[in-house]
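The two complexes that follow have chain A in common; it is paired with chain B in the first and with chain C in the second.
Let's look at the complex of A and B:
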């Protein structure tokens, strides 16, 4: 039954993605991408990843606000025409080559519903599940991985986020600091 | 076959990022690719009929500090979940950066069209 829901949600996400790509109105495209994000959040619930689902909803709301801020109240939210013909043809041919290469990879993939760690004993995932509670005291194994076993990963994530925010503020600032001081003086 | 649909989602995003000439559309294509990759990684760890990796009181033996074998065999893979959690938050940061570049470009050139911006350079 869970597989049925997963198929329905995946089809919903693919349809929303096609609409988001092909619609001429930018605001509709942004809202369709939001639909993909919330569908993905439901998918995570069905895939037994509640932590990811919660994070995805929060990030999705913030991302939608940022995207709508960029597209709303702009004069030219309607798009006219595609790129020149030759470039489009070359891109589509390259994309088809990637599709063919990707389909070959599917033969080597494990069956859906059989995680990779189930085939190999004593992988990191198995160790985290069996020893996570004793080592870190967290009943949620994802928490024990996220905040204890791989805490440096989380530190790096915070650094990347901080850098991105600094970059965004530096780009969005309309006046340089020097000019601000001059206008005050 | 869920993997194939996920791959299709990724290819739609890649098509959008490569072919479209509106800057916001390119950002949306990158967002779609991010969703597809996150979903794919979570799918790799999914166990059919599995439970979320949250340990119940019944599955834990306080004396020997051992987890019940029943939970070990039923839990989905927690490692991709922890890594995807990082990736989702980073995607928000990169989205903010990309959109701020779009807003500044619009303020300077008055258009989101990348071919127009290329034409205005010289």
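Let's look at the complex of A and C:
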């Protein structure tokens, strides 16, 4: 039954993506991108990954708001002019190649819901699931992985975010300080 | 132009507390139920984004000034790194879960369980929330600087501010 919902959601997301590409109104394109993210988070929920569903919907909603802010602030609500013929042909060909390769890859993958590593004992994923509570004391296995077994990953991720925010605010603020000095002088 | 209509302002002034509380819940219960520092931090930031959209950015700037937000950001990153260093000091390995079953008595499904994991969640939540708040603030407040850049900025900026 979950697969049926997932197919419906996939169809919904494909339609939303096509509308987002084809529409001339940038605001509706942004809203379509948000709809794609919402469908993705519902799909994660049906695939029993509530952690990723929460993160996905929260980040997608906030990203949508940022995009709308950026879109409205620039008054660029409509696209004028036609598409390039060559670029369209090239992107369609690349997409076709990706689809063919993806179909071949999906044919070699194991059955849905039966991961490869479940057959092999003592792999990392099996150890995390069976010993996560005893090793870390956290009942949420996802948390026990990303803050205990794989805490270095989280540290690197936090460092990337920190550096990005520092860079963004420093670049933007230096200009605004100059602006402040000029207005005071 | 200050913010949106009365309906939006009333509803968002009721809802902002619930969103903030939900973010805190997601962060604090990250080791027991789905969620964690990242998702909770984004929810905390989104409550401020709601305020910014509904009431205009002056209220948010008075409520959480930019220097305070950047200090919170640095504090979160510092706390998260300190938890790793404390693991090195007390447990012998960088980022080891030094509190678990050693200093604090632990039962599964308790709020105080999982050793250092809730502390890491809090640090990450503080860090991510402040970071995203700073990003959105930078995009909305400093956006005049992008418009023609360089020397003309002050002139164009004055015109922009008069228009609003």
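The rule is short, and it goes like this: the second predicted complex is superposed on the first by the 164 of 185 C-alpha atoms of A that agree within 3 Å, B and C clash if a C-alpha of one lies under 4 Å from a C-alpha of the other, contacts with A are read in each partner's own complex, and residues count from 1 in each chain.
Going forward, a residue touches a chain if its C-beta (ideal position, glycine included) is under 8 Å from a C-beta of that chain, and two chains touch if they have at least 3 such contacts.
Quick caveat, the model's predicted, so the values are computed rather than measured.
In the superposed model, A:43 makes contact with chain B only, not with chain C.
Once chain A of one complex is fitted onto chain A of the other, the partner contacts of A:30 are limited to chain B, with no touch recorded for chain C.
Look at A:129: by the touch rule set out above, it reaches chain B but stays clear of chain C. In the overlay built on the shared chain, the residue A:137 is in contact with chain C alone; chain B does not reach it.
In the superposition on chain A, A:145 makes contact with chain B only, not with chain C. Looking at the shared chain after the overlay, A:66 reaches both chain B and chain C. Touched residues of chain A were counted for both chain B and chain C, and B has more of them. In the superposition on chain A, contact of A:13 is made with chain B only, not with chain C. When both complexes are overlaid on chain A, the residue A:161 reaches chain B and chain C alike. Shared-chain residue A:97: touches no atom of chain B or chain C. Chain A residues 50-51, 55, 59, 62, 66, 69-70, 133, 139-140, 142, 146, 154, 161, 165, 168, 172 lie at the interface with chain B in one structure and with chain C in the other. Of all the residues in chain A, the ones that touch chain B in their complex are 2-3, 6-7, 10-11, 13-14, 17-18, 20-21, 26, 29-30, 33, 36-37, 40, 43-44, 47-52, 55-56, 59, 62-63, 66-67, 69-71, 74-76, 79, 81-84, 88, 91-92, 94-95, 98-99, 102-103, 106, 109-110, 112-118, 124-126, 128-130, 132-134, 139-142, 145-146, 150, 153-154, 157, 160-161, 163-165, 167-168, 171-172. Chain contact summary for the complex, chain A toward chain C: residues 50-51, 53-55, 58-59, 61-62, 65-66, 69-70, 73, 133, 136-140, 142-144, 146-148, 151-152, 154-155, 158-159, 161-162, 165, 168-169, 172-173, 175-176, 178-179, 182-183.
The part of chain B that touches chain A in the complex is made up of residues 1-9, 11-16, 18-22, 24-25, 27-29, 31-32, 35, 38-39, 42-56, 60, 65-67, 71-72, 75-79, 81-86, 88-97, 99-104, 106, 110-113, 115.
Chain C contributes residues 26, 30-36, 38-39, 42-43, 45-46, 49, 53, 70, 73, 77, 80-81, 84, 95, 97, 100-101, 106, 108-109, 113-117, 120-121, 124, 127-128, 131-132, 134-136, 138-145, 149, 153-154, 157-158 to its touches with chain A in the complex.
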